[in-house]
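Each of the next two complexes has subunit A plus one other chain: subunit B in the first, subunit C in the second.
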Partner chain A sequence: MAAQGTHEVQPLADLESHSDRAWNLAWNPKHPLIASCSADKTVRLSSYASSSGNTLAPKTVRAVAWSPSGKTLATASFDSNVGIWEQEQDEDEDDEDGDVDMTGQKGLGNGEWECIGTLEGHETECKSVAYSSTGTLLASCSRDKSVWIWEVQPDAEFECMGVLLEHSQDVKCVAWHPHEEILASGSYDDTIKLYVDDPSDDWYCFTTLKGHESTVWSIAWSPCGRYLASASDDKTVRIWAYAAAASDGGADSKNKVLQVKPPSVISSSQGDGRWVQVAVLDSHERSVYSVSWGKGNNGSGLGWLASAGGDGTIRVWDVQESEDSSIALNPKLIASYPEAHGVFDVNCVSWNPRAGMEDVFATAADDGSVKIWRINPSKEAGSD
Partner chain B sequence: MAFSGALTLTDLNDFISPSQACIKPVEQADKKPEEKYVGAKTEIVVDSSGSYYEVASEGAVQLNNTSAQIDNEGSTGTKLEQAQISLNDCLACSGCITSAESILITLQSHAEVFTFLDSNKDATEDTKKLPVLSIAPQPLASLAASLTASACSSSSSSAAPPITPHQVLRRVQAFCREALGIAHVFDTTFARHLALREHLLEFEERKAKDKLGGEAAQGQLPMLASACPGWICYAEKAHSEMLPFISRTKSPQQVMGTLVKEWMGKHAGFTPDKVYHVSVMPCYDKKLEASRQDFYNDVYSTRDVDCVITTGELELMMREKGWDLAQPVPGELDEEAEAVNAESTALPELIQHAGSSSGSYLMSIIEHLQRESAVPLTLSSKIMRNADYEEFTLTVAGSGKTVFKGAKCYGFRNLQNVVRKVGRERGVRTAGGAAGRLAGRAGAGVGRRLKKAGGGGDEDGGKDKQYDYVEVMACPGGCVNGGGQLKPILPKPQESGADEEGYPRDWVQTGVVLPENETEMGATTAPRADVDPPSVAAIESGVVMNAKWGDKDWTRRVEAAYWLDGSLEPMGQAGVQCDEEGSGGAEIKMNGGPHDLDAPPPLGPSAARGRAMGGGREGPTVSGRAGGRVNVKSDATSAERRRSAQRIRKKRWAEKLADRVLKELCGSDDDAVKNRQRFFRTEYHAVESDVGGLAVKW
Partner chain C sequence: MDEFDSLVNLEQTFYDEGYKDGYAHGRIHGLIEGRELGREKGYEMWEELGYYEGFAGTWRAMLALQGNMDGRATKHIDGLLELIGQFPLINPSVAQAEGGQDLDILKLLRQIRSKHKLLCATLGVRPRVHSADASEGGEEAPGQAATPLSGGAAKKGPVWEVQSSTQSEEGAGRQREPQNQMLSF
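After this line comes the complex of A and B, so read on.
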């Protein structure tokens, strides 16, 4: 299986296929559930064993996202809306205090998933949707070049917090920082933009990351929140970091005076540092459509980065900080898996966020299939 | 840049974005026999006159050579319908923003005004028209703030008294008279006075229907303000379910159009088509409003407002004519003389309506309700998410029963939330989304959940009281911050703090942006420089202006200028002290007449003056059935008293004149109601815009 590097990618399962290209998937953070969506206009909810389809919008569902509680699913659809879905609670079930059954028995209760709300506002196809780490904010983006931020309120109600028209083109993806209220968006205009809330005012874009030479298809924050990875049509994955600048101007990725710092809402709005590119991964042969950054299971370093795209190969990188004082990263390709979905483009790769399953990820592809994979140490290389 | 250029392009987080597809459907009016070319290869040929022909491809070469043959040999080529797209189509769509702009620029621009004036000079008696210019109070405030700011920055020594809108009006009148030959220049506040009266009437009508309940009550309340054409355009395009709620009352601009063409024109012996009416507005979308079909007079083939220009365009005209607005004109500080002649068509100038700088629609209703109420009503306000979204509640003093709940809601983002809230409360939703189509299945779930949440809306009063009225404006900050207003003048040249990476500097805090985006905008729309000129004053005093529409500090200054009182010395300390006195929820009872005692304060604490002067206080509570919201200090100077007296006189004059205008325009017979509809109301139309078929794959 053309394994490469210190680890190998082991296929675990093929989920029941969609009948058209599968665009995106999302692991439920609490329950053993995967949501996947497709051009076949369905969202499929799969447990690790069985799956069920939900007929949805009259148009393609481009992206799905779980709330951190795992109870709510948001869908981004080409009918320009964001749908909010929850599972109908069984009448006899008492789940009010929201205790979560980690064994997953509750993940596929009998309750039907129903649309409890629709967020209208985008004028054209909605491309991506994401919940903030606390689940109190929801962001969506669209071909209409806008990014919308909604506050999640009780009773399936949402309040619009901001309409950000910073990009000059189609916005492809949105991603929230893992613990701060910082939003990132990637666009057909080749840039990534970062936003924070001005407490006395509105959300605003505080910085723009330029470097990609083509569409930014996907972005992923590192689990620690200090780095941001982006996947692009220019065949590269780039990693960006927030660095406090000891010297101004001309600072580039090689500048050792810079120090990577955790970005926070405060530092972002005060602007006492800057965002710099700290790595370029250029081993993909075609467009990179998706990037996902998991914790990894080796307990050290910045975690594992998985990327996939038009060349059909899944690549997994181990990311470690440099041992000298350089802020540049040199991610090591630890495993790759060609033709993961045959000749088809891989549209999405996503690590399982649940504890104990950090070495498991899933992919969704143009053939409509969703596959589950595990990273194992190669026999010859040993563990880590 | 035109047509909400400021609202539609780049770098703002609060505006209405252009859609990408043209919504104008291609209609084939006369159907051709369809079989004719089935299966055959055809080509489209354009002849020398620009007509399109569909021809069989064999004949194409020949036809290309001699296009005249096409006419003779009708059987060879079929003439195709030419697609026609009118300005209104484009304005309602904005799908192809740039082409709509260029049409708009040629049809309604300062250049068009010049063209008209030139041709009118040489016109014969038959075709000569009477030029009239009406200017809204927000452009006057913008010009005043701009003049004050540049005066401050050029003479750093002593703080000159701020220029008032009254002074600016006099100077604009002088400019129009001397440089343009426009003798009749009005401000639109009397038209607003008429609009507010009609607006109150409509609110009472809706309230009465709402009380009936059942079908009649559908779509009556909350009444939503209709003066903002950006909001109207958006609602017609994206939220047709909101249209029933939107006030039918014409905007002050259109009432001014009626006033000028139907009333003043008649008195002066001019038919509507013999008057050329230019209006100066803070907003590009007012051009759109003026060109609505409803405001077209079929009998005389003319519009109520012939040409709308923005504040920026007015200043450009002055620049082109070499006119310096900073120069005082004789008598600019004199008080306005009241017309004594009962037949006079003179209008009271710069009538201030207490409330907001966007027309005071909400406050006029609140004051009306307080005035009419048999029991004293207490007004309280609450800032919601930000200063642009504020709720106002009228409760019965004592019992605490809520009798009215309204809100002002400015900016695209807040507008979204009001649309959602009204839709939820009144049970109307767009049918367009997935939720609508899913009504059969998941929709039932929605209903079930909502019921479980216990959100029935039938109890009156209390916190669950639904809105009765919302003053909706599309621009954050309201009309003083309209897209057509002058660019901010910054007191000091800015350090160019923002680097390519977008390092946040101070400008981020204030919302001031960015040379980088400016060039982008310039590239998109070539005529930008013509339409958004830097202010004359700014250029002359060398003030750097890399700020743009949306600067909050600047908006506050324009807001302050808006409330500057007219002919006497500008209102200064007195107003400030009053506000501080009124802070902390002090209740001030007044027995005087309604809303005409002192300088009308801005609406609530969020508005510029309140915030600037009063600090971070809670919303003031002002009670008393008289609705006296203001605060006359015992040590009021005689100047203040004089101002008050003058204001009262002016309001009385306005009321009397309004009565007369209504009587003369609408008559008092059976047709009066119908005429009133015709002259003061309008309609809205949902725009069909299903562009599903045009959507790209991703």
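After this line comes the complex of A and C, so read on.
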């Protein structure tokens, strides 16, 4: 089944990266850089426009996230702090060191990366960190069962906006909605919780998604913002959506057609719909550690969902809305690549968010390496 | 046949009486044990809440002294005090309980804890770890913290003179460690 997908996975590069397991990686949204973090206590920045690389050396960092501007990197560290890193401005910014990439945007140059701030507050290891779509909010989560929300202010100042103690166990991952200020978190307690900001300025959990039978390791919103995918220790990837009765045909309660509506901050506080599971993918043979939802370059559809985990196989699914009016989705497996990192668990998979590179993704694994891959239409498939 | 009923059901009669006796006796013991458990848990909960209340009150007075009354910190302090105010000090009466006034104590406790942590982050102090075996719990005076956590008070340097004697802070919690112990990793 592996080779018969409509697409194939082509390995592009193997970055020499780390000497111990690589936990997480993040593509810079504006510049040709990848940040990867590892148990070898380094964070490496690898450039794919030039052959340079940079190393930061904080403590063991479990997760990294770029701000939407691409200028700031947040690191979630095992010493319970969140580090904020920016590049020192080079005095001569206009010499050949700054790469100019294909979109004509000035590259980041070769300045040293330094830690311009530390967010303290968590009591134990920080597991994940994420910037909101506008870059004004930063969320972090930790083994101490809490999710913290910080507001980014000028001059590397961060103000704590909320501490959410809703989970009953470690929180493993956080992810912001691509347009709205809605935060999702996944936890060892098998649930996913969604949070929104009440106008009286208090963050609270407005719904809990139950259904996974074990720890939720990773969550990813679809690029359109209507769906949320989650990867779990129970070997499944599930997709969730907010559905409410369709607004037409109002009075007939027997024929309530559920329609997926995009979650908005308003509907989250007072909507009459509910969050439901719309798909369960159970092809993985072991725990799934990471999901990532990219736009894909099919043109139509909801994008490409990539998942990877303990069974070492990368799987890519094409997600389309169904043609009849049911809200269930039936993602098709379009490509898979077994033993992507040999016998090692794959800890993270992530699509390149930059325009023109939607078919490229990267994986980080326990062998310490970060590999880059591309999805190509399969040669055996018919016209696509 | 009535005359023979009491003879025929003799065992049942004794059984019922014994059961009633035991039930009444058990109820008494149950009430005693329940009261004891309630006292213990209530003590623990209010020990923690009392700490938060004192903490908030002290910081509020201090911010007033500094003239810093309308920052975020004050808003959080007020919020925290209001949540603590909602927490019951006495058992609800039976009528209240049946009237559907269900106050989710555990949820309120969680909210209070979150608010307290948020307040600590805004003020720039480290919260005291509240658990039976807490061994750390110092407070770093704002301004000495190496990290730029925002908040009006944090930038102005230590609020009070820090000496190694334990009398330097009142009402802000029991300080167990000398001031300049930094956790090192």
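What we mean here is this: the second predicted complex is superposed on the first by the 337 of 384 C-alpha atoms of A that agree within 3 Å, B and C clash if a C-alpha of one lies under 4 Å from a C-alpha of the other, contacts with A are read in each partner's own complex, and residues count from 1 in each chain.
Throughout what follows, contacts are C-beta pairs under 8 Å (C-beta built on N, C-alpha and C of every residue); 3 or more make two chains touch, one makes a residue touch a chain.
All of these numbers come straight from a predicted model, not from anything done at the bench.
*Asks:* Sharing subunit A, do subunit B and subunit C clash or fit in the superposition?
*Replies:* Superposition result for subunit B and subunit C: clash.
*Asks:* More residues of subunit A in touch with subunit C or with subunit B?
*Replies:* Result: the larger residue contact count on subunit A belongs to B.
*Asks:* Counting only touches as set out at the top, which of subunit B and subunit C does A:H177 meet: first, second, both, neither?
*Replies:* In the superposed model, A:H177 contacts neither subunit B nor subunit C.
*Asks:* Let me test your reading of the model: by the given contact rule, A:K71 touches which partner, first (subunit B), second (subunit C), both or neither?
*Replies:* The answer is neither, since A:K71 touches no partner chain.
*Asks:* First (subunit B), second (subunit C), both or neither: which does A:G121 touch?
*Replies:* both
*Asks:* State whether A:L165 touches subunit B only (first), subunit C only (second), both chains, or neither.
*Replies:* In the superposition, A:L165 touches subunit B and subunit C alike.
*Asks:* Of the two partner chains, subunit B (first) and subunit C (second), which one does A:R274 touch, if any: first, second, both, or neither?
*Replies:* Touch partner of A:R274: subunit B, not subunit C.
*Asks:* If we overlay the two complexes on their shared chain A, which of subunit B and subunit C does A:Q153 touch? Say first, second, both or neither.
*Replies:* The second partner, subunit C, only.
*Asks:* Is A:K210 touching anything from subunit B or subunit C once the two structures are fitted on A? First, second, both or neither.
*Replies:* first
*Asks:* Just to be sure I read the superposition right, which of the two partners does A:K235 touch: subunit B = first, subunit C = second, or both, or neither?
*Replies:* So A:K235 meets neither subunit B nor subunit C here.
*Asks:* Intersection of subunit A residues contacting subunit B with those contacting subunit C?
*Replies:* Looking at subunit A, the two contact sets intersect at 59, 79, 117-118, 120-121, 123, 146, 156-166, 201-202.
*Asks:* Which of the residues in subunit B come into contact with subunit A in the complex?
*Replies:* 10-15, 17, 19-20, 238, 385-386, 412-414, 416-417, 420, 424, 430, 432-435, 437-438, 441-443, 445-446, 449-450, 453, 455, 500-505, 508-509, 511, 520, 552, 691-692, 695-696, 698
*Asks:* Taking the touch rule as given, give the residues of subunit A at its contact with subunit B in the complex, in rising order.
*Replies:* Against subunit B, subunit A makes touches at 56-59, 62, 77-81, 83, 88, 112, 114-118, 120-121, 123-125, 127, 143-146, 154-166, 168, 198, 200-208, 210, 268-271, 274-275.
*Asks:* Can you check the complex and tell me which residues of subunit A touch subunit C?
*Replies:* Per the stated touch rule, the residues are 59, 79, 117-121, 123, 146, 148, 153, 156-166, 201-202.
*Asks:* In their shared complex, at which residues does subunit C touch subunit A?
*Replies:* 72, 75, 79, 110, 113-115, 117-118, 120-122, 126, 129, 145-151, 185
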